[in-house]
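The structures come next, written out as structure tokens.
Next, two complexes with subunit A in common: one pairs it with subunit B, the other with subunit C.
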Partner chain A sequence: MELRLDRLTKQYKQKLAVDRIDLELKCGVYGLLGANGAGKTTLMRMICDIQEPTSGEIFCNGQNIREMGEEYRDRLGYLPQNFGYYPEFTAYKFLLYIASLKGLSKQQASVRALYLLDMVGLADQKKQKIKTFSGGMKQRLGIAQAMLNEPEILVLDEPTAGLDPKERVRFRNLISSFSKDKIVLLSTHIVSDVEYIADEILVMKDGRLIHRGAPEVVTQEAKGLVWECKVDTKDAERYVERYNVGNLKNTGDQTVLRIISDVCPCEGAVETEPTLEDLYLYYFSEEEDRS
Partner chain B sequence: MRGSLKDRRVNETQIQEIRSILEGVRTPEIDENRKQNTLELLRMERKRLHMRSRKTYGRRLLEQTAYLSPAAWLIQGTLVLSLAYGFLVREKEEMLLQLLLCAPVIGIVGFTELMRSYRQNMWELEQACRYNLRQLMGMRLLIFGIADSLVACSVAIMGWGTGIRTWEVLIFFFIPQILSDCVYLYLMTRFRRHFQGTALLGSAVLMTILWMWILQGVPYNPKLMRWLADPFALILILFISTGLLSLCCVRFLKETETEYCAA
Partner chain C sequence: MIRLIRFEFEKIFNRKTVYAAIAFIAIMGGAICTGRGARGQIVLNSDGSYLEGREAIERDKEIAAEYEGILTEEKVEEILETYRPDTEDGGFWLVNNIYNTLSSHWGEADGSYDGRDILSAFPDYRDDRPMVLGYNEGWLGFLETGMYMMAFIGALLVIGLSPVFSEEYTRGTDALILTSRHGKRKCAWAKIIASYLFTLLTVGSCLLFQSFVYWQSFGFDGGGASVQLNNHFTLTGVPYFLTNMGAAGYGLVLWAGGSLILTAFVLLLSAICRSAFVTVIAALACYIIPSMFGQLGIPPQLLSLNPIWDFLIETPMMIPKLSLAGGAQLSYVWVVAVFALVMTLVSFIFSRRIFAKHQVM
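After this line comes the complex of A and B, so read on.
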């Protein structure tokens, strides 16, 4: 399975959301990192054939996805960022409904729905109406519906939003077991979610792909930029205003700061091994502040 | 008894023989290349067969009917019952005006269902499915088109018993309904997901007022009634109305495929 994006561009009236992205995706898990407004959702919508690109094309195994139409969508599973539902539907009925749109027979739909409800931990709530679900439960249901048709391409936009740590670990394990011989593309702000399971990280900024590589390789971009230092608690505020602080730990009179900076922030600061979160903060802290 | 014991010993002997033969047999070693070729062929065949067989359109329609809101059918049923009651108690001219009042309203029931995908923010999920949003909208239009036609037929049948002729049902109910639907479709195509709820209801009220204004005097005007009863005039009006409705449906479905999620 191969997905190729060829100079993919999406221009809205005043904004260039996706800017000439060239990308080849083969089987594996891809983590798409970027600040709000980087173009992740627009990119994912184009891959899912929901939005037409302004220019450029997407090919699946050498065929243009627009020409493939139903055949392409049959291989696709998608979880949008703002996931809607019909409130009067129960979890089971909702999955049957989506299964009918995905072309599954009634029998297949029933079997898959029950299996996936069990897998995402909603088997006991299958007859409950979705409007009674918590945010995390709705999200798990969304993940289940994306996997109904055993897709070869799974696109998940912020799939772990609203999940507690235990659910996030369960989700990571689910994706890891699912991803063999499949393309999984997931976007998230929770860096740790992709750090552990992604084979490759794609870093997106202002509509462009600025980095791609294995997590440990991409993380090295931040080498030499991450510092740890101990400062007086009364001075900590000043450092927070002046530098990009990734972590702040108060230990009484002193505060331990983790600072992302091109230059050594203070005397006694020790250069430390970067994490993916440090890289994210290095690239996107300004965008996050703006948003 | 002795015979069966002897048979059992023979069978056991045969089983032992077969067992010893099988123990001496070794499965042949599979050449690695051949094994990989076979696996590759299996993968290709699996990919070729991945696309599920197409369900018939009729089957898909029936399936979708089950997922429509029961409230929509309840409201339509209530309106039909109110018309049935009206046929029993009202005078002919009053009944024709009641038909005129109900015609635009029956139409919006279907449209609220049509816009459900946007109202509940399901459009993105549905668009990414094999049978995408355009096909889903088409099915919903067809389902409610059939339902509305059945309602019109029921009204015509009820009218026969009370002296209201079929052409009168066409002029005072069916055609206003069709033309109101054209207006709703146009507005939905133009304003997309912003046209729902209050806007839809407001349009229905305006259409009702408009039809009342145009046609309210007609039942009391014998000359105009005679003109409208002319088969040629009827056929022409029906032809233009259904043509317009088809055009609006096609345009609406075509626009459903273009993007509706501007930044």
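After this line comes the complex of A and C, so read on.
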């Protein structure tokens, strides 16, 4: 299974949302990182063929996805950022409906729906109407519907939004067990989610793909930029204003700061091993502040 | 496919507004049928006493049987003289079905015959065939009730079908549907088929209900009588020979045609508009506003392509028949029917295409 994006571009009036992206995705889990407005969602929608590119094309195993039509969609599973549902449907009926859209037989649909409800921890709520669900439960239902047809290409836009830590762990395990021989592309703001399960990280900024590689390789981009220092608590605010602070921990009169900076922020600061979150903050702290 | 149609059908019926509209129509239908049905019938006897309900209907039918057939001036004079009441306060209005019918066209203020010939009461009539008299209460009740009920059913169709596509956009379920295998084709077909089934079900049940009420109360008597001969001022302007039964047939064609045109139109709007609310407002406006076009001098041929004018049936029926090759003549009602089928086809093709090409935002 191979997905190839060929100079993919999307322009909305004045804004260039996705800018000439060339990308090859083979089986594995890809974590798409980027600030709000970086173009992640637009890129995912184009991959799912629900937004037409301004220019460029997408090929699945060498075939243009627009020409493949049903054959391509048959291989696709998608969880949109704002997961839509029918409030009056029960969780089980909703999955049966999506399963019929995906072309599963009645029996297959029932078996698969029950299995996935169990996998996402909604088996006991299968007869409850979706309108009674919490945000996390709806999100889990969204993940289940995306996996109904055992897709070879699974696109998940912010799948962990609204999930509590326990649910996120369950989600990561689910994706890991599911991802064999499949392409899983997921975007998230929660960097640790992709850090644990992604084989490759794709970093997007202003519609362009600025980095890609294994998490440990991409993380090394931030090597020499992450510092830890202990400052007086009364001075901590000054550092927060001046530097990109990744973490702040009070220990009595002193505060331990984790700072991402091109230069050593203060005397006694110690260079530390970067994490993916540090890299994210290095690239996107300004955009996040703006948004 | 059947599963998908069932789901789409269920989605249409999952809305409280649809149930509210159905309840309203049921209440209105019940009220109209009660008022126009057997309970509302009165016949005045020569001794001043009244018959009501089923007794009145039976008496009306007896009188009609006595005079049914080709209408002549002599017959008009005889009926008006025989049944003219003694009252001087205009009470002749509620005497019996046949008298009421004739007095409304040829009656003086005191209920006597005004002396005019038959055709002078119908200046637009352009047919060689003479007018035929008969009992018409049931047929006219059916036609008039149908007009009002179908106008309400039109609003129900707008409310029920406007969200079919547009609510998917509003809810964000468009992304799930359009990325699924059958989303761009079978699901769209299922939505369209479910919508037409909804139309068939609502229009069909309404018409079946009122047919049952009227034919159970009044029977089929008078089916061969001219539809122009009535005291309700309904369809009196039809310029060609048309029986009550023929008018009911045309009425059914127009109601079905108007429903199909409206369904097609709402589905197209629903596929285009990004919000269900906007679709409802736009569709209601497009449905209701043409009802005001009658005053603007717009040709009836154009008016008749609007569902509201088809539901009100008079305008399309009053258009003179079209002359075809070989001397054959065709009622404009059939033009409406063909237009309805074309619109149905257009809605099938284009609402599916618009939905399939919809860009998720």
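Quick note on the criterion: the second predicted complex is superposed on the first by the 291 of 291 C-alpha atoms of A that agree within 3 Å, B and C clash if a C-alpha of one lies under 4 Å from a C-alpha of the other, contacts with A are read in each partner's own complex, and residues count from 1 in each chain.
The rule is short, and it goes like this: contacts are C-beta pairs under 8 Å (C-beta built on N, C-alpha and C of every residue); 3 or more make two chains touch, one makes a residue touch a chain.
This structure is a prediction, so every number in the text was calculated from the model and none was measured.
A.B. asks: Give one word, clash or fit, describing how subunit B and subunit C relate on subunit A after superposing.
C.D. replies: clash
A.B. asks: Determine, under the contact definition given at the top, whether A:243 touches first (subunit B), second (subunit C), both, or neither.
C.D. replies: In the superposed model, A:243 contacts neither subunit B nor subunit C.
A.B. asks: Between subunit B (first) and subunit C (second), which does A:30 come into contact with in this model arrangement: first, second, both, or neither?
C.D. replies: neither
A.B. asks: Considering only the touch criterion stated at the top, classify A:17 as touching first (subunit B), second (subunit C), both, or neither.
C.D. replies: First partner only, subunit B.
A.B. asks: So in the superposed three-chain picture, is A:282 touching just subunit B, just subunit C, both, or none of them (first/second/both/neither)?
C.D. replies: Once the two structures are laid over each other on A, A:282 reaches no partner at all.
A.B. asks: Going by the contact rule set out at the top, does A:152 touch subunit B (first), subunit C (second), both, or neither?
C.D. replies: A:152 contacts subunit B only, not subunit C.
A.B. asks: If you count the residues of subunit A that each partner touches, which comes out higher, subunit B or subunit C?
C.D. replies: With both complexes superposed on chain A, more residues of subunit A are touched by B.
A.B. asks: Have a look at where A:76 lands relative to subunit B and subunit C in the superposition and call it first, second, both or neither.
C.D. replies: Touch partners of A:76: subunit B and subunit C.
A.B. asks: Per the contact definition in the header, classify A:178: touching subunit B only (first), subunit C only (second), both, or neither.
C.D. replies: After superposition on chain A, A:178 lies in contact with neither partner.
A.B. asks: Contacts for A:92 in the overlay, against subunit B (first) and subunit C (second): which applies, first, second, both or neither?
C.D. replies: A:92 sits against neither subunit B nor subunit C.
A.B. asks: When the complexes are fitted on the C-alpha atoms of A, one of 1-9, 91-99 or 109-117 in subunit C overlaps subunit B. Which is it?
C.D. replies: It is 1-9; the other listed stretches have no clashes.
A.B. asks: Check subunit A for residues that touch subunit B in one structure and subunit C in the other, and list them.
C.D. replies: Touching subunit B and subunit C on subunit A: residues 45, 48-52, 70, 73-74, 76, 78, 80, 82-86, 88, 97-98, 100-103, 145, 149.
A.B. asks: Quick one: in the complex, what on subunit A touches subunit C?
C.D. replies: Residues in contact with subunit C: 45, 48-52, 69-70, 73-74, 76-78, 80, 82-86, 88-89, 97-98, 100-103, 106, 145, 149.
A.B. asks: Over in the complex, which subunit C residues touch subunit A? Could you list them?
C.D. replies: Going by the criterion above, the answer is residues 3-4, 7, 11, 14, 168, 171-185, 187, 358-360.
A.B. asks: Going by the contact rule set out above, which residues of subunit B touch subunit A in the complex?
C.D. replies: The touching residues are 50-52, 54-55, 60, 63-64, 67, 69, 116, 120-132, 136, 258-259, 261-263.
A.B. asks: Would you pull the subunit A residues touching subunit B in the complex into a rising list?
C.D. replies: 12-13, 15, 17, 42, 45, 48-52, 70-71, 73-76, 78, 80, 82-88, 93, 97-98, 100-105, 145, 149, 152
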